[in-house]
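To keep things simple, chains are lettered A, B, C, D, E and F as they appear, and every chain counts its residues starting from 1.
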Amino acid sequence: MPYVNIKITREGATAEQKAELIRGATQLLVDVLGKDPATTVVVIDEVDTDNWGVAGETITLRRGRARAGGA
Amino acid sequence: MPYVNIKITREGATAEQKAELIRGATQLLVDVLGKDPATTVVVIDEVDTDNWGVAGETITLRRGRARAGGA
Amino acid sequence: MPYVNIKITREGATAEQKAELIRGATQLLVDVLGKDPATTVVVIDEVDTDNWGVAGETITLRRGRARAGGA
Amino acid sequence: MPYVNIKITREGATAEQKAELIRGATQLLVDVLGKDPATTVVVIDEVDTDNWGVAGETITLRRGRARAGGA
Amino acid sequence: MPYVNIKITREGATAEQKAELIRGATQLLVDVLGKDPATTVVVIDEVDTDNWGVAGETITLRRGRARAGGA
Amino acid sequence: MPYVNIKITREGATAEQKAELIRGATQLLVDVLGKDPATTVVVIDEVDTDNWGVAGETITLRRGRARAGGA
C-alpha cells in the first residue's frame, strides 16, 4: 500500500517518461519490500522552475547561468 | 489546528464539489477530535491523469482501457 | 484513487478515533465525487506539539499559556 | 539537506517574491541549524483559492466576502 | 534536483532495505530523466498501521483479518 | 494562510531551535508576501538519517564516512 510522490521541475517530461517513472517506482516497492502493486500509488508533481530552489536560488536562475556559459 | 491535503485526479471537480470537500473534511475533524474549525486548513491538489499511477500504470491508460470496454 | 493526508498534533488520538477519521475521509470522497473507496488511501501524521506552529509560535507554548489561564 | 515546502494561494506572487522566499527559507536553516545551503531544497506550491479552505470554507468565498465589505 | 517521498507502513523495513529504496529511486530519476543524482533527495516515511487506511479501514484491521484466515 | 513544511534529519534539534524555525518561517511569509501570521501554519518533520537519502545513499552512511575522515 505504499504511496510515492515524485517532484520534478516542469521541463518537458513526456507522458511516456512519466509512465516509466510510475512503472519503475511501483516495481521498486515490489522488488525491495514485496509490496502489492495493485495498491501502490505514485503521484508526480511538476513544479515551475521559478518555484523550486536549491542553494538559496531558483532553478530558473541556475539554468539561465548554465546557458550563459557557467555550470 | 489540523491540516488536511486531498489529492484527486484533475477530472472536472467543480468549485462547489471542492467547497463540499473542504466543509466535510473540516467537520470531520470537529466531530471526531473536537478540533477548532477556525484553524483547520484543507488544501486540494488536482493532479493530471498522466501524473497519477496505480498498479504501475497511469490513470490515463486505465481510463482509456475502461472506455474501450474493459474494467 | 484519492489520497488524503491528515496532519494533527500528537495529543492522544485513540486508534478508534483515527479509524473514524479514515472512514469519514473515505466516505467524503465517495459522497462528493463518487470515488472508489477500494483505492482511496488515507494517511494520518501525528506531529509533536514542539514541531507544529501557528501565528509564529509552537503549539506547546500555546497550550501552556492556555493552561496557565490565558486563551 | 533540509527540504522546505511552502504552500500559498495563487494570487499573483511575482518571480522575485518567490526567489525571496527561497533565499529566506534557505538562510533560516543555515542560521538556526547550521545546515548546508548547497543541499537545501525549497519548493513553492501555488494553490487556487477554490482549492484552499480554512474554517470550512474556500479562500475564494472569504476573499469575496471581504471585498463585499465584510471581514 | 528531484525530490522523492516514499510512504510505507511501519512493519519492519530494515536499514538495508531503506538504503535500497533510496538507491533505486535515485537511479530511476537518472535513467528516465537524466537527473543529477547529487541533488536528488529521497525521504522515506514509515507510518503506523493504525494511521494508514485503505478502503475506509486501517491497515491494522486488514492485517488482523488476514491473519485470522481472511484475505 | 500559508502552510510551511520543513523536513530535517533527526539529529538533535532542540525545542528552542524548532521554535526559531517556526518564528522565522512565519515572519518570512509576512515580510515577503504580507501574509497574516495568525493563519500561517508551520510543521517540522524530523526524519531518521536511515530514511533520508541524497546522491543515492543514506545520510547515516554519509555521516559515518565523514566521521571516519572522509568528506
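Assume a residue touches a chain if its C-beta (ideal position, glycine included) is under 8 Å from a C-beta of that chain, and two chains touch if they have at least 3 such contacts.
Chain-to-protein mapping (UniProt): A, B, C, D, E, F = Tautomerase.
What you are looking at is a predicted structure, and each value in this text was computed from that prediction instead of being measured.
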item	value
Mutual neighbours - chains that touch subunit A (Tautomerase) and subunit F (Tautomerase) alike	B, C, D, E
Touch-network distance, subunit B (Tautomerase) to subunit F (Tautomerase), counted in steps	1
Farthest chain relative to subunit A (Tautomerase) (centres taken as mean CA coordinates)	C
Interface residue identity across copies subunit B (Tautomerase), subunit D (Tautomerase) - same or different by half	different
Fitting subunit A (Tautomerase) to subunit C (Tautomerase) on CA atoms, where both chains share a sequence, rotation angle to nearest 5 degrees	180
Centre-of-Cα separation between subunit E (Tautomerase) and subunit C (Tautomerase), whole angstrom	21
Per-residue multi-chain contacts in subunit F (Tautomerase), two or more chains	1, 3, 7, 25, 39, 41, 43, 45, 52, 54
Touch relationships between chains, expressed as pairs	A-B, A-C, A-D, A-E, B-C, B-D, B-F, C-E, C-F, D-E, D-F, E-F
Touching residues on subunit D (Tautomerase), where the partner in the complex is subunit F (Tautomerase)	1-9, 13, 17, 20-21, 24-25, 28-29, 31-33, 35, 39, 52, 54, 59
Complex interface listing, subunit D (Tautomerase) residues touching subunit B (Tautomerase)	7, 45, 47, 50-58, 60-61
In the complex with subunit E (Tautomerase), residue positions of subunit C (Tautomerase) that touch it	15, 18-19, 22-23, 25-27, 37-46
Subunit C (Tautomerase)-touching residues of subunit A (Tautomerase), taken from the complex the two chains share	1, 3, 39, 41, 43
